[in-house]
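Labels run A, B and C following the written order; every chain starts at residue 1.
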Amino acid sequence: MPQHRIGAQTICFENRPRILATASVAGPKEGRGPIGNQFDLVIGDALFNQESYEQAEHAIFLEACKRCLQKAHIENRQVQAMLGGDLLNQIMAASLSARELSIPFLGLYGACSTMAESLTLGAILTDGGYASPVLCAAGSHFCTAERQYRFPLEYGNQRTPAAQWTVTGCGACLLGQGDEGMARITMATIGRVVDMGISDANNMGAAMAPAAADTLTAHFRDTHRTPMDYDRIITGDLGQVGSSILRELMKENNYGIPDDHYMDCGLTIFDPKEDVHAGGSGCGCSATVLSAHILPKLQSGEWKRVLFMATGALLSPTTNQQGETIPGVAHAVILEGGN
Amino acid sequence: MIMYLKVFLVGGLLCAIGEALILKTKLTPARILVAYITAGVLISATGLYTPLVRFAGAGATVPLTGFGHALAQGAIQGVQETGLIGAFTGGLTATAGGIAAAIFFGFLAAVCFRAKPKDY
Amino acid sequence: MENNKQSSARAAKENYAALVKRLTPKSKLAQGCLRAFWVGGAICMLGQAIADAGAVWLDLNSAAAQTLASMTLVFLTALLTGLGIFDRIAKYGGAGTVVPITGFANAMVSPAMEFKPEGWVLGTGAKLFTIAGPVLVYGISASVVVGILYYFIRW
């Protein structure tokens, strides 16, 4: 077995790469939410002074990356790799940002699991001594995702109670080997693609929950840990429905997660009074909450160790219309505070 | 006045059935539109829709089943007037106003307005 | 052995579907239907009023008055869609706005606006029909079939 592996799916980082800096940019609705004052920038309107929502998504992505580098006092030419993705076709928000930043770029697509995917790969590059610092980012935009996966914005349709609201925003993290940082990445568990036959594109939580349970169970089995070893088990965007399913599944697997050890980014980012039904979703959901809420808590010492698991529904409107079900994937990253 | 009550009840009922279909089956709104217009054409062809229009006026013509009814009656009338060619020209002739209006005003709206996110 | 594996996978999926069904909140059927009923009914009454007004003031025959009603409702839908109001009404009224001709009009206007950034020809022009196109395809095809049958059978 390769020397840094424990168990079937988990990697243990020898040098425990640091998250040197982070930045987040979020939309107006997110700005009105419970963690609204923790974002680095809340944009005034969803267009962000651009001509189209796709351009706005790109501008948000770029702004988050630039602010992250600024906070780390690092020039973009010093960054040795950029890993990121979004929900647009051909991950254009990330690709266009990489064009502007001119950092060596590896584009990622993991739907809403992208942030954990980029952190995992970034930590591998850093830990192995292949690149440092590495910029990891993920973003999404409500208006582009609606058009891509659902209907035009002005189309009059009713959302079902299980439907989720794509987060407008982007979170970026700079990983590296420096002496101090906000938190360290100690382990990562790479998830398998799991599909339990959900085909309802309006119930993404249900499509992702089995993958989340699969990765989480694999992590505990590989590491011989339990949920109690973490201050929080944090899922990306399972929402109301997916969260309750995940916790039910984990109970069946004998790894029940107590209330005060569980958090879902999709249930954290929006004011429950906003009409977002089952909660937030999208790459930007877990990325912005990680950046604005989770990392500061690790840095301050309020939390010592958390499991951050971004969950992705690998939905394609094309294959979905052809009758294919929606596969899910989830990757877990272990973040520890302190130096 | 009693006419307006009939319009309200019949039109409302057709919509309520549509809502029940959306909520209880896998029919999306787009499929409801297709189902209603096709059902309208077929029911009209059997001659059952004309009495409903006489009874409820716009309550029967404004829902998309009424659009289907207009298509079917147009095709039948077209055949009566010009033979087989009428089967092709009749339906669109009868509904040309609504279709042209939707295309033209749709285009005009795109010229004048920009799509906005729902409640930002 | 392979069969066993397949059937246990199917059983797991069925169990999971039951779990999802239990934990997914339901849409409110009675409330939805009631709202659709009164919103849809009101739109039809508006249509009747326009048709009646056309018959009285513009001296239109009943077919022309009906066309006037359709066109006016389509115009109002386009205007309200453009102003960003229609989707709010639709959110409340559901099928009450979808089933009347307003739903057809909204299905044409909303993509026309949405895809404007992709240009007038391949954006607005082409995408105008993305949602409403099937309505025309099936509606017109069905009417042609009815017309042909009528030509041969004359019931």
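Assume a contact is a pair of C-beta atoms (placed from the backbone, for glycine too) under 8 Å apart; a residue touches a chain by one contact, two chains touch by 3 or more.
Here the structure is a predicted model, which is why all the values come from computation and not from measurement.
Comparing the chain pairs B-C and A-C, the larger number of C-beta pairs in contact belongs to B-C. The greatest centre-to-centre distance from chain A, using averaged C-alpha positions, is reached by B. Between chain A and chain B, the centres computed from C-alpha atoms are 45 Å apart.
Between the Cα centres of chain B and chain C there is a gap of 9 Å. Per-chain CA centroids place chain A at a distance of 36 Å from chain C. Among the residues of chain C, those in touch with two or more other chains are 27, 32, 81-82, 84, 87, 94, 98, 103, 107, 109-110, 113-114, 131. Within chain A, residues 152-154, 157-158 each touch two or more of the remaining chains.
The set of chain B residues that touch two or more partner chains comprises 22, 29, 115-116, 118. Chain C contributes residues 27, 29, 32-45, 47-49, 51, 63, 66-71, 73-75, 77-79, 81-84, 87-88, 93-96, 98-101, 103-105, 107-110, 112-114, 116, 124-125, 128, 131-132, 134-136, 138-140, 142-144, 146-151, 155 to its touches with chain B in the complex. Considering their complex, residues 22, 29, 115-120 of chain B touch chain A.
Put simply, chain C touches chain A in their complex at residues 12-13, 16-17, 19-20, 23-27, 32, 81-82, 84, 86-87, 89-91, 94, 97-98, 103, 106-107, 109-111, 113-115, 117, 131. Those residues of chain A that touch chain B in the complex are listed here as 27-29, 45-46, 142-143, 152-154, 157-158, 274-275.
Those residues of chain B lying in contact with chain C across their complex are 3-4, 7-24, 29-30, 32-34, 36-38, 40-42, 44-45, 47, 57-59, 61-64, 66-68, 70-72, 74-76, 78-79, 83-84, 86-88, 90-92, 94, 97-99, 101-103, 105-110, 112-116, 118.
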